[in-house]
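Once you scroll down, you'll see the structures, which are given as structure tokens.
In the two assemblies presented below, chain A is common to both, partnered first by chain B and then by chain C.
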Partner chain A sequence: MKIITKYFFILTFLFFTGFVSSSVVVDVNGNSQFYSYNPRLSEVLAPSALSTNWYWPATSLYQLDSAEIELLRQEFLISLNELKEKYSDFETQNALNALERQVIAWQLAKRIDVAIDYDFARVREEHNPRLDSGVYKLQLKTRPTFVYLSGVISSEMTMIHQGTTSVHQYINNVDFLEADNSKVTIIQPNGVVLTAGLASWNKAHIEVMPGSQIIIMLKPQLFGDDFTTINERFIELAKHRILP
Partner chain B sequence: MNVVKAPFLLSFITLAIYSNASQGSEITWNLQPAGVSQMAHGGVGLIQTPTARMADAGNLSINYTDNDEYRFWSVSIQLFPWMESTVRYSDVRTKLYSDDPGFSGDQTYKDKGIDVKFRLIEESKYLPQIGVGFRDFGGTGLFESEFISLSKKWHDFDFHLGMGWGYLGQSGNVKNPFCELKDSFCERPEDFGGQGGKIDYQKFFKGSASLFGGIEYQTPWQPLRLKLEYEGNDYKNDYAGSLEQKSRWNMGAVYRLGNFNLDVNYQRGNTFGFGVHYETNLHTAQTYKIKPAPRLIPDNHNLKTEITDKDSLPRALYIEAGFALFTAHMEEDEFIIYGQQIAYRDEDEAIERIGRVLATEVPAHIKTYRVVNYDSNLPMVETVIDASKFIAAARYESLTSDISSTYVRKQPEERTVSFAQIPNQKGFFAGSEIFWLQTFGNPEAFYMYQAGFYANAGYRFNKNIAITATGKATLFENFDKFNYKVDSQNTPLPRVRTYMREYVSGNVFSLDSLYIQWQDEVAPSVYAQAYGGYLETMFAGVGTEVLYRPVDSNFAIGFDINYVQQRSYENDWDLFDYKTFTGHVNVYWKPDFLPDTQLTFNIGQFLAKDKGVNIDFAKRFDSGIILGAYAALTNVSAEEYGEGSFTKGFYLSIPFDVFSLRPAKGRGRLPWVPISRDGGQPLNRPSALIGTTEYRSPFYD
Partner chain C sequence: MKRAIFFIAILSLASCSNTYYAYWDNLSTAFGSKAHAVLTLSNVQQSSQDLMYVTHGERPQAVMALMFLEAGQHKWVSADKAMLIMEEGRIVRTLGFANDLLYVSNTTNDPIRHINQMSDLSSWLRIVDWKQNEFGQTFHSSFSVIPNQLIDVFERQITTTLVVESVGLQSEANFTRFDNNWKNYFWFDENTGILLKSEQRLAPFGEPISMTYISRVARLLPKANTANKE
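Moving on, here comes the complex of A and B:
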């Protein structure tokens, strides 16, 4: 919310000075870059791309002047409240409350589905699109060291990423609430979503990319798909999360 | 008879090298367990017993297993994630093909079989995976069985338990539960229905039942899996004779080597067996492609006001987009091109490449590009491209660029077609192609073949009418081994197709066809054709066809009607006395509830004057490979038809593109026809409008 307020003032200033027709503002790791035209991705990346050894799969581009994701969050919280009224048993209430706490605290912005890589952007046109007018945040990161657990657990956790380690090892000592312990969802920092089996009948060795989110989902019901829908919406919101 | 085109065969090696049967390409850096393996008879299972496990959707496994008395060649395909089907040739080493050495020499007994297996319930925490299967159900049924199986995985162990009837339940180690419910299930009827070749429903789940089961273990060494099973057959009633069974326990090991699975096993406590299995996936089968990069549209492009180099546009369209340009027309702010797509099977890829060439070659003031695709000299589809939107999307001017939303496919407009002045529509044409005819399961020798080439020549009078002649030259064959020409089964049906051997083993040079043909679009979306002459190898006559096929529709309907007389097999020109009308109402339907499938119904009268319907089901895999099965159900009874009971067949249609290094259109069709006699036989018409109009609502490409 803070970031949007910051740029709101910049936008109003620009509006009054008449520069709003075609302009792009990009916050690249805290530094604002202004353009009065629509730049291509390679231009936006150019000032900072070669200064450090960035980990391109974990870079992300968010559009800040879109209300779409905030609307999604409100819808999610409303449907969560409806479920809380419907299912009054203690475990489910606990689980739904945990989800609610986490979603309220998240920093969300609309994540643009485009692969960001300075080398590809300079070589291939399809990886170098032109940015539409608006306010953006570009996060360039070096290789992340953490993996983020969220979902139906008592509190969110940040764990240190380990190489050649299957996803089971990350969740071994985590306190599950009323959760699905047969599979878990992994949201990789490049936007790809995977499902990994955990139970004795579907276990597979799936490693986790540094900077991923591991989502523990609600246990699906035998009849009815209320919980499956909530799981899907939770994962959809998690894709648009701004991670440190 | 199976006809295969030669260039397609030669490139088979490319597919073998480059295909990958990967399980989940997103996570390929993680080494996954080696997966399910095939059993001796073909199909996912242990050694002699099937399991409820399924292979990945689109998986094709070609198997050869050797089990002392029996040898099996089988092909197993996972049509859908919940359905697996296997076709198999069995070689019974201890029996001869027939008692008559003059008929079949010393060839051992061969039998065909087909299996199908369905997944009823997927595995979950408390439930096992449950499957039901029917084996060897469509024929003489040497190994005919039904089974229900359960599979449950626990870490690296996969436990299986099942109950089988028929061949799998031969030992009868449990009471048949259906026998408890109804007395008719206690005894299994002995004979097969009709003349073989029919599905014997009345036998299902009847007779003695046995429990079988086993364990499959994925060892810590990734390529190796071990199997242990307890089978329900006691081998007392096997076709190969009563075989000695020291133990009901069988064990085996499977080793994965790239796309191959090699297995060895020890069965019945006294027999070693082995198998070789080749696995590929029809969804992902493809080869690397060498093709020019799609043309970039530079930022300050095209300040042209007219086309100065008249050759650059046709050349660019041909080389970069596989589009053979017939002619072009410019009208105010529109540019129209007329031609035929000869490479790039995927329409979206083809239109994108054409659009990129047009954007850089055509003057800047043009606002609309129209691409009219022809086939058989008739306009099929008009694609209208909004130039400015296309250029913006092709230059990725937005974060949400979508090139396919900038053009629309539609019925060619009269106005657009009226501008076309296509040259060179009159004149001589000629061509040739190599053919390979093969047949399995013959008494004289299991595999018989004939190879040679077809040479055709003709004259086109205008865009609608042409006359074509095709001659056949046979170069290599072993058809001289034939011991008999016409089989001795006496059926009341006229011999419309059972003189096949006479026709193919005639002279080295023969006239295959000679006919005149007219084709035209008579109304919007309605195509018609008429033809007359020597239409195919066995029949001559006249005919007509009409087809209604809207653009991008899941539905097409038409009819064809022909009057034909049987050609003589003694020489190229004479006719036999047999004459008949033959014609069908043709319905083509791509159902929404089964994506990537097409159903075809041909309802009418067949060559032997029998009436009925031919039903064809075709499934298209992501790679473009199509697997189809058809059956002709007519008013001819099984006794009248003869061996096989009714006409049925399978085919695999493979685009040449899957093997070739360059993008190409065109396909090869591998048919497999278990038995083909005189009932339910349609005329091989010189061309079918459904093929000519393929581009209008593509299924094959």
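Moving on, here comes the complex of A and C:
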């Protein structure tokens, strides 16, 4: 929030002084880059792109001055409270409380849906969009070391990424609450969302990209789709999560 | 993602304000217009861009051009804008393939970088990621050196030192239906030690990629008479 406040005042000052009619501010791993025009992605990446062997699939771009995702979070929490009033059994309450704790604690911002790769951006124009005026955060990462478990488990977990390891092995000893035992959702750090079957009838060897989120979802209802909807909203929020 | 990298298309020059795209447009004349690309020695020697022939499995031979040389990497681009990214001749990343190679660890210890120090005791361990459901595969390599091997380029025979890399999968794989051991080949000019040709299979499930560095070869040869067809 401090970063947003700082850049908001800078942007406002520049706009009202007539200095710029459009401007972009990008925080790149803690370093600020200012543009008085709408730069292409490759220009934003250029100062840092070759300094380290970045793991491009784990690179992400967020727009910090958009209220959209915070509204989604508030809507989710309202929906969650309605479900807590509707379903009073202990197991469901426990599961819903776990989701609530996690979502409240998450750092969220609107993730820009673009595949980020400096080399591809310079060769293929469709991978090199111009940034709209606004305030952004660009996370460049080396190959991530961890995967992140969340959802209807007693508390979120950070686990060391294991090579050639199926998603089942990450959740083998995890204590599920009122969870869907037939599948989990994987959100790769590049934003790709996968579903991995867990049951004997749908199990497959699905490996997890370093830096992924593994989401254990609420057990679906036999009748009604309240829990399906809340699962979808939880996953949607997780896509916009800023991870370490 | 299509594997169209090896089908040469006739390109139209597109006006573009971005200098990178303009530079790529200039490269397009080097790619040729035939399905099986063949360039004359004279063409290659006159080219301002470094070029290489590439074949991928049974597909027709294509030309790739060196677009970027930076941060210790050679970045080659094809007519349809797929890329091979190499360090000292080793493919470490691909872009635009059906299953892109994302990452290779421990590249600084790749013995291919130091062939003068290579021996039968040389070895290399690394982990590798691919885009489609393969993360953290462990490969082990051992090497053998065979001198006085001839290769044919531009209808000339060039004497090389061949390095044969024996690669084995060290971890349980998602592709148990394939042979988990294979060989890669690297041909170095015997006089200069420059890599002139290589054939690399990136994974058990991959087809071999053969690369002939025709510009490097061209620089070793006398200037071709442009009046003669090679």
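Keep in mind that, in the parts below, the second predicted complex is superposed on the first by the 233 of 244 C-alpha atoms of A that agree within 3 Å, B and C clash if a C-alpha of one lies under 4 Å from a C-alpha of the other, contacts with A are read in each partner's own complex, and residues count from 1 in each chain.
By definition in this document, contacts are C-beta pairs under 8 Å (C-beta built on N, C-alpha and C of every residue); 3 or more make two chains touch, one makes a residue touch a chain.
Quick caveat, the model's predicted, so the values are computed rather than measured.
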Q.
If we overlay the two complexes on their shared chain A, which of chain B and chain C does A:Ser200 touch? Say first, second, both or neither.
A. first
(Q) Touch test for A:Leu71: chain B only (first), chain C only (second), both, or neither? (A) neither
Q. After lining up the shared chain so the two structures overlap, which partner does A:Val123 touch, if you call chain B first and chain C second: first, second, both or neither?
A. second
Q: Would you sort A:Ile112 into first (chain B), second (chain C), both or neither based on which partner it touches?
A: first
Q: Return first, second, both or neither, reflecting whether A:Pro57 touches chain B, chain C, both chains, or no partner chain.
A: second
Q) Considering each complex separately, which residues of chain A are in contact with chain B in the first and with chain C in the second? A) 125, 128, 205-207
**Q.** Residues of chain B touching chain A in the complex
**A.** 26-27, 29-33, 123-125, 152-155, 296, 395-401
Q: Enumerate the contact residues on chain A facing chain B in the complex.
A: 38, 112, 114, 125-126, 128-132, 182, 192, 194, 199-207
Q: Please name which positions on chain C make contact with chain A in the complex.
A: 16, 18, 20-21, 24, 67-68, 70-71, 75, 77, 81, 83, 85, 95-96, 102-103, 105, 127, 129, 131, 133-138, 171-174
Q.
Which residues of chain A touch chain C once you look at their complex with the stated criterion?
A. 40, 42, 50, 55-57, 117, 119-120, 122-125, 128, 143, 161-165, 205-210
